[in-house]
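Here subunit A shows up in two complexes: once beside subunit B, once beside subunit C.
For the complex of A and B:
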């Protein structure tokens, strides 16, 4: 009997070790390119082709070089603005629409909900041309407003917020109505405070998506390259093999998202896994 | 603010005391008012362009505002089906989807099953590492992979001791794109599978093992069937989104080349409209794509409903 528990315990321990090993190898493989990106950016220019795993001696020369060739601060500011406004807009339209779907029963409800969720099936490339023409007619090509406005409604936000609101106790809404509060007051004084964690997680997710967005800014800002992803692309075209500064700029383009990730890891991961879309 | 009228608000079908029609309309209005901003944006930026693209697909137009659109009937569609491009691009899209399935389904399931015993802080650290590539902006990823795969000084060639120009040879370009995309999505899939596994109650396995089932039998006949909704979901995502995921990488790394070897359907569409200035052809390809993906998605959702085992 003792013998048996011993082997069972041994097998369990062996499986735990194997699990650790599998995850560790996979984790290192996944992180390596990111590590290499920052390692290269921190080497001295003459050491860029070194293969030593640690960048030593450290140098910020690559960052200085990149900053001399491209307006990094301006790009960071523009990208932050675009990502923030996009995320806030999507959060607001999503909140209002999800509230409508969760708090009322009305005609065409299913159809209208499908209209929101169905956006998922319309590929960007199918709608890009008419949207491009419309932005041209509105005079918004090559402006940040042209990047932001068309993205202000996200089917994903509606979908996720609706799920959260459906699980929200209906009695609270009913009680607020009995108190004589309008639906608008109820939304902001009862629903929003209770949904704060979900809203925060979604906001971060939308911000990261807005930050990393590529297609649409690439179409709208064809002449100016005013956001980081595009600045980086044009830098790749002109200084393509100047690896140090290129890695420095790419590293900066990811840095804000990584910092957010370090602080709010659990929320970000939960947001992505629950959204399941991006 | 631009507002699209979303149709007259409808009164609730049953009312207790029959107030005046105006009051009934007002009472039914709130949900529509809350929906209005989002719906207006959807109409303007998704469904209006969709119908316009449908219309454009029956016209010939070179994108210049000064030249009129010429109606051509089904000519664009006929041309599209006659050209070898679309068939080849579809085939390449399928190759990419098949190539990504190991990253989005197979490896995550194997890893998930092998690492179920790992819990707590350790697991959180590993997951944080595996998930990180998902957050790397596509252009930054293109930059770092071009550096890693650089034929002269890149780390990959020097570690492997070979001299392959990964992104500029027809054989390896598509492979590189698949691996880079796989690197992006792997962590996400691992987390989804791990969440799915965590949601499966251990009772079934315990009961089966009391009945003498081996660990493999439990995995094969209990765990995997219960995991099937997750697996269908990941497959659906791979099918629908793989061409989207690869697009920025193709656009920044290979521009569809070398010799069109990385041109998938989305890139072809982009190419028709913005490089060849053949808007009608691009629109026709877009409509076929929309219809095709719609049918595939509906089919997979139908399959998921029929095949999934629910843990009730």
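For the complex of A and C:
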């Protein structure tokens, strides 16, 4: 009996070790490109083509070069503005639409909701062309407003918040109405305070998405490299890639998201889990 | 059922939107070359604004900084002309690949840049489809030739006609390189080779590459001329140096499956098979050389700064002229770009010409060469103590490039509207033969047969 327990325990332990080993290898594989990014950014300019795993001697020259060649602070400010306004816009439109869907019953409600969900299902590559033409006609190409405006509404935000609103106790809404509160006041004094965790998680998710976006800003800002992700292109060209400053800027571009992650780890994981995405 | 219906509806809406979007942008009209009226001189107080589009504005660093300074100098000299520099619109990591689509889309909206910097591979298309203005008509042949002759130092004779077509000058050659043979003198010494006597023929290159590989374990030689990514300027130099051409002189038939081309591709394939040349892509190739892991490389001087940086305090970088095929004469070709005028407004045309004259002046070349390291097309500057003599003496790497200018031939652009498909088809075949081991003759012949219908007139 004892022998069998030992065998079973041993096998379980062995399985656990194997599982952890696989996870450790996968973890290393995921972290390695990020390590290489920072390692390259910390090499001396003449060492950027080296393949040695440890950057030595260390140098911050690439960061100095990047700051000298492009306006890093301006890029950080622009990217923050775009990500923040995009996230806030999506959150606000999502909140209002989800509230309407959850609190009222009206004609074509289901169809309208499906249309919202539909915008989320249609690939971005399909909607980008009409959006692009519209921006062209409005004269908003090559502007930050052009990057932000078409992204102010997100099907994902509506979808997620509606789920939360649906589970929100209807009795509370009724009580607020009995108190004589208007729908608008009810939303901001009753619903929003109670949905704060969900809103925080979604806000972080939307901000991270906005921060990391490359393709849409690249379409709109054809000539300028006004956001961080596009600023990276400034170090690529016919005369070869300037890997040191390129990696330094890429490293800087990752930092705000890393910091956000460190500070709000629980909310972010929550956000991703709730959305079932990425 | 409901779900599938609504999905279908969405798909139809999306498709309609996409179709309307595509139609909304319009298409580029085919333009024909025709004589244009003379652009009158500007009155001293006549205010003109022009746009200068160059792919180099996409890259931060020396080029952008130097050109900002040059444009400031130009505006100080011509206070009535305002220049707006811009990079081509597009999403490519390398803005040089965006130049033609950018110009096409701007022409479609009737608002092209007034001056644009475009590659020599696009010459035929630039003149016949994009409608670059003939400078001889705009400002007069004498003025164009006077600019080439310069105040003190004239353009290299081989360089001044690179932007010509049918006896007229359309583009002023601006920045380019010839294929330079860089080598790692440190690896040469380690392999028992004499760095003072670099290989002069491709047979010698192969022998040296073999020695380097055997003695040091590092790779022998990389030719950045044999991939689609490298385009065909340097490949054309190899083919011309072996007595062949990729396009017949009358521009009516493709000749890149002829014996001289096949021999070049076969030799390159043999080098790869024998381990004398590494199987690497363009960037991998020149970065491996910069790292000191490859003994020799045939490359444009545009990436010389990368080599200088990689070699610093580590290995001895040297350069020589392109090797020959036995006793056949070496025929280098040029990479790079010219400056063209696209404006339809006479005042802007004249202002654009003033800018081109300034950017190709002695003063500008002194700044461009000393700050960015580009080849001064006014070669006399390299011997002029008041020009670039000091700089040229300190930078011996420029010498092979200057020497090769004398015997250089133009990088031939393919004809027709599908010129890029022809070029890319040829280079894909070359890449497949050299690096994938496909049969050289069969692959090039197949590519030629496929591309022939794209040549105006059938290409046979």
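Please note the rule applied: the second predicted complex is superposed on the first by the 266 of 278 C-alpha atoms of A that agree within 3 Å, B and C clash if a C-alpha of one lies under 4 Å from a C-alpha of the other, contacts with A are read in each partner's own complex, and residues count from 1 in each chain.
The rule is short, and it goes like this: contacts are C-beta pairs under 8 Å (C-beta built on N, C-alpha and C of every residue); 3 or more make two chains touch, one makes a residue touch a chain.
Being a predicted model, the structure only gives us computed values, none of them experimental.
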{"item": "First, second, both or neither for A:165, with subunit B first and subunit C second", "value": "neither"}
{"item": "Touching partner for A:70 - first (subunit B), second (subunit C), both, neither", "value": "second"}
{"item": "Which of subunit B and subunit C A:198 touches, first, second, both or neither", "value": "neither"}
{"item": "Which superposed partner A:114 touches (first subunit B, second subunit C, both, neither)", "value": "second"}
{"item": "A:94 touches, of subunit B and subunit C: first, second, both or neither?", "value": "first"}
{"item": "Touched partner set for A:238, first subunit B, second subunit C, both or neither", "value": "second"}
{"item": "Touched partner set for A:227, first subunit B, second subunit C, both or neither", "value": "neither"}
{"item": "Subunit B versus subunit C, judged by how many residues of subunit A each one touches", "value": "B"}
{"item": "First, second, both or neither for A:173, with subunit B first and subunit C second", "value": "neither"}
{"item": "First, second, both or neither for A:124, with subunit B first and subunit C second", "value": "first"}
{"item": "On subunit A, the residue positions that both subunit B and subunit C contact, one per complex", "value": "48-49, 51, 115, 121-122, 126-127, 129-130, 136, 215, 218, 233, 236, 240-241"}
{"item": "In the complex, subunit C residues that touch subunit A", "value": "6-7, 10, 14, 17-18, 20-22, 24-25, 55-56, 58-61, 63, 86-91, 93-96, 102, 283, 286-288, 290-291, 302-303, 305-306, 309-310, 312-314"}
{"item": "Of all residues in subunit A, those that touch subunit B in their complex", "value": "12, 15-16, 18-20, 22-24, 26-28, 30-31, 33-34, 36-37, 40, 48-49, 51, 92-94, 96-97, 99-101, 103-109, 112, 115-116, 119-131, 134, 136, 150-153, 158, 183, 208, 211-212, 214-215, 218, 228-230, 232-233, 236, 240-241, 243, 246-247, 249-251, 253-254, 257-258, 261, 265-266, 268-269, 272-273, 276-277"}
{"item": "Subunit B - residues contacting subunit A, complex", "value": "10, 12-13, 28, 30-32, 34-35, 37-39, 41-42, 44-50, 52-53, 56, 63, 65, 107, 111, 114-118, 122-148, 150, 153, 155, 158-159, 183, 186-188, 190-192, 195, 233, 237, 240-241, 243-244, 247-248, 251-252, 266, 269-270, 273, 279, 282-283, 286-287, 289-290, 293-294, 297"}
{"item": "Parts of subunit A lying in touch with subunit C, wherever the complex brings them together", "value": "45-46, 48-51, 69-70, 111, 114-115, 118, 121-122, 126-127, 129-130, 132-133, 136-137, 215, 218-219, 222-223, 225, 233-242, 245"}
